[in-house]
């Protein structure tokens, strides 16, 4: 019920959906210069041309080859270069060295994409609308995977452009809204007085069973019960204006708000990380010029909007903000209960930022990773990362769901991340 | 009820308990050479003489000084050098540089201890048995803190001695059992057939409220409900013999058993870490000589006992072993329910090894860190670490409890760590 | 006298020489894909598009701007991005981060080059053949600088292509010889019996005075005397076949041939450095396939020619080879005396490889660095590097001279480096 | 002639000299606490107890064992632990890990020393005054080696004590002058007007032949000719007062005075290196308190003496100072010529600081390293280091000579280093 949006996929024409998804990826890189698709300004970024090839490798490696559909690699090093991290699928190139590769070129990779797409669509059409379930399942995974890389592409593109001192603009707002169908980051006007939603304590159901949805990731399964105490959660997201108050109040110089590792990050990591001469005692992508604050976005440098949700803060910053505010981060269960009851994601408009939760990324009770290669998709990353919920302005339409569990390391802030606050209610 | 053992403290004569605890710490360093108390062979180890001074700093800084009891520092740099990590208490020396300090000497530090002890006991006795609650509370925290450092001392001493190629013995088994009252690591003879305990699903209570026990750490609070599905948990710990089977079956060369970060650790970290020329594809402290396995212990190098519980494995190794065995690690809730129902810790004999759980170290629902400096004791470390439960052979008698939450980083294996297995029951 | 070749510049038509030199640089990048011009697979490599812009920055910064010739930067960040290391010229981008920049694009940089070239030529022509000496001097430095970057470009291109597992070919031998006028690496057939040249002891003159040549770098000055003992030096270069004998004889596993830092490099650095899965106990760019040796070159992977001079070894390898052979490296004075007397560089054919000498890169007696920014050109690098002499197959025609002092760090081997041997004669 | 001082050794009673030298080493550690002999606060420091054992290992390994004199190792790991870097002598412990070793203890090492000394003296006495030349040669090397470690001990002790925030004093001036016979650092009153010595150009002899002296290191050989241009060299050393002028004039913030690597060191290395919170834009061991300058010495913290020679600067600082002053560093040949003609070292008082020269540490023309293990003593370090000449206040009496070539890396400043200035004269 709460997942009706993504059920939409269920009734899709899969070859058409494949084509649409694949074309959307190319629409994302279309505004870039060739040079933008090559660089890796930080180890966590992947060059856009790598994304283009890796998502294609996925279909060849996990669908065409296992089903003996003829689709030769353009050269023998493709499986090495474009396997991301699947140990079961042979050697893979080191992630931090993806930017060392000038070849294959963007043009060659686009040719590879188009060739694979032609073969895929031809093959899918041969089933005449009756694609076997095991193929459907991998295909849907492949499309969800491609959607994840669409979001990663926009994260990485933003970081790549930001790494150039000239701060080039990715695209016009017009291109963003019409070609990429990205919603403008809605000005999250705070309800006055700021409102919150309150639960009663009790046992609730969370997660989904694999067969309830046309598609979900294994980390969202199975549906299971959890006891929750009563809590309140804010219906508004924390804004740039709120966050400026935190900064002004010494948020980055008072250790009492921070986890020990967070404080270490403030002291040391901040100096080394990210583009070099910029102030790091702010969210990523903020700049101060002539005493005015600006925020770098896909549409270039813009005056900071005080009412827009704060973005590009890491878990440590979210945690410190919450402590400073006298509240705390919600757990992922609290978030999900709130979302279930407020139909947060049922409308077309997605959430503007992924919201950090207090929950470490772990297996749900009863979780079983797939036995085959897809067991490497989620399960092996269930350590040292934190769950984020919601979605963000660059999440592809229909990709997020209430049960969706995104995850990043506590120090990472190049995803489109923000927060909402919670507190015990009793 | 389940915590009756540690309630014993309640009726204690606190000055006597103080004296006993403080003397026990010195009994631990007594067999050492002066040189052993100085070195820091790895960043995670602290020199024993630092432990001796830091635990003393605790009483001066948090009791004597706030209560205006005259107790001058032997020199002005003591607060800097022996504050471990309390940002609220001023600057502190970097942990990784503790081994760079030759001064104060062991002798000076012992003199400092004895002087502080005399002042403390004199001061406590002045209350004539009626120590005010707020002092009792900090005193009990100081004693629990000292007990934690007693265990850390034995962990660090073991690592320090192991770092010498000559592998010197710390003490005779006689000293270990009589002077230090350490239990021999009982040969955990496996029940045949291997037995397990099974729960039914339901809502259970976990944790404690602060006022239920004479003492507990804030991270154990508050008592709260949790829904648990049915599970089975082994009553026996995994043994060295079991672990050898895992090694023989290629446990360290098959990535499918490992978390992604665990596999990275196997590949790379293992090479650099710990004593240098030794095989790292085993638990820490194992050596093979003439095709026979040995284990280094506080009583020197001993033939590996196949029936003893495996020790000194990190979370990644425990996780991989569990996957290889077809089972999983228990959550800390499962462990606690099991312990509640089997009176695991009510007898005098403590558990021989801390047991890794599947639970990341997080705040309990309703957790509130103390507002003062003691808020830094536990809460700020609630990130990127995993919970261990039980206790170990070098945990001071009476220190552990069923609700006790120990925590270490997933790659650390110099604590006395092992595991038991769990699985879903349905 | 011995430097007659480079005197040729003297009578040059400077605007024409400018145009020729600038066009040659572009001819070097012409065979590349855009992507090849962007990447920086190791910190010591610069992206080819950076070379194109930096060499242009040189003329704008050191000629057009000081002479008030209107030539606006395409954008405000050009001076930051394309100043290499001149502290006197303002901030500069970190060398190791050049590969993080996607902008300006190659196309923009080529436009910048063409615009600057038009302005430069127009300006130079305005002097009507009578360019003032102080402009001539900087212009000649700029052209020599551009020639150095032509060689660097080919070094970097080779490394960039090698970093792609597919080992793409840079250009056909035809392009190399006709468009770039690169000599084939002549098969250095060994004289049989191997011949050598012998000096008598005495005082000789070395280096040049600034006014003796149309152009030289300040590090070649002044002409000065030096006493040399008698020595013999081989007229042939060490070949691949010779070097294979060294490898076969355990050259890389016997510490007695190596300097202490060289042996450390063999043990540790080799593991991390350069392309990842390749054997590093060989010169750079060697590969073994099916028990046959290959060498990667600008014309792709070729069977190793045993009679060709060994290339791409660092100082440590050259030193170890010389010790193994029972001889030693010549000093730069010995090399220069030999070159003076054998007319080594007077013919058109340059030396195929730069030859490591035993001489650390230091100031000549009486050396004075320029007072202005050009004082940063050579003098500030006179520490921890070793002198190489000769020239190599990718050194631009007319660039090298007998007095030319090239210099690299002892561990670097991506220049086209080899060696000849010397020994005392007495 | 110029080396008459060290010829004194020639007529020595070698067993007596052995005993005196060995006892002097122990006199150096006598004022230390046991703890001071264990720590290694920086990788370049060795724990004093390691020095005590290593110098003893030298005699056992290179004299007693080759001559079959019975002298068992106290334990099997001594050869591993106390071989410094001789690859020909088997495995050796990593230098940076010497401080990880608590065992053998100081007491055990002293027992080892005394046992070896008894065996050595007994053995030497058995020759009845007629020790064979090949034994004499190694014995003298062993004693010179021990003297080098006496100086290293005092360098390391100074750094070890400095690493303690309490800045403990090593010994009273009385102990320094009477027990250790260390000269007070003479106040180098500047001649007014400041005087210099001037040479004429010509061919001069440098270095020594092995048979001219009772002892010299192989790096001082052979005697050879060198052409020198005319130069002037200051007879006074640069003082603390001079150096303060350099600091006040922005010496550490103006890149134009520095080599490129030196400037990098000023910017970055300085931050990380050495004791942590102290200002690094001064010589090592300087502190400012209440606007007054102090210098830490073996006799504790003392007000900075403006007329004393500046000490504990590295090559980069010496180079930058010389450039700032408008002069340059002398080459080692210029220094040696000056010393030959001014009888600089013939009197008892040694030079107060080692003086950085402009000469990289390289082999002399005709240099041949020993074929056996002693070939590793000097030759393999002839890369990336700079020569220092003279001696310093903690150099053992009779150890230095005019031909003596000391060497350190350009960034190292824990030796007792200073400078004198030179300039071309013509």
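By written order: A, B, C and D. Residues from 1 in each chain.
FYI, contacts are C-beta pairs under 8 Å (C-beta built on N, C-alpha and C of every residue); 3 or more make two chains touch, one makes a residue touch a chain.
Each chain and its UniProt protein: A, B, C, D = Ergothioneine biosynthesis protein EgtB.
Keep in mind it's a predicted model, so treat the numbers as computed, not measured.
S.K.: In the chain contact graph, what is the shortest path length, in steps, from chain A to chain D?
M.R.: Minimum step count, chain A to chain D: 2.
S.K.: Report the inter-chain centroid distance for chain C and chain D in whole angstrom, where each centroid is the mean of the CA atoms.
M.R.: So the centroids are 38 Å from each other.
S.K.: Just how far, in Å, is the C-alpha centre of chain C from the one of chain A?
M.R.: 46
S.K.: Report, in whole Å, the distance between the mean C-alpha point of chain B and the mean C-alpha point of chain C.
M.R.: 59
S.K.: In chain A, which residues are in touch with two or more of the other chains?
M.R.: Touching at least two other chains: none.
S.K.: Considering every pair of chains, which are in touch?
M.R.: A-B, A-C, B-D, C-D
S.K.: What does chain C use to touch chain D in their complex?
M.R.: It is residues 85, 87-88, 203, 224-229, 255-256, 258-263, 315, 331, 358-360, 362-363, 365-366, 375-376, 380-384, 410, 424 of chain C that touch chain D.
S.K.: Given the complex with chain D, which residues does chain B contribute to the contact?
M.R.: 33-42, 49, 75-77, 80-81, 93-94, 97, 99-106, 160-161, 163-166, 168, 276
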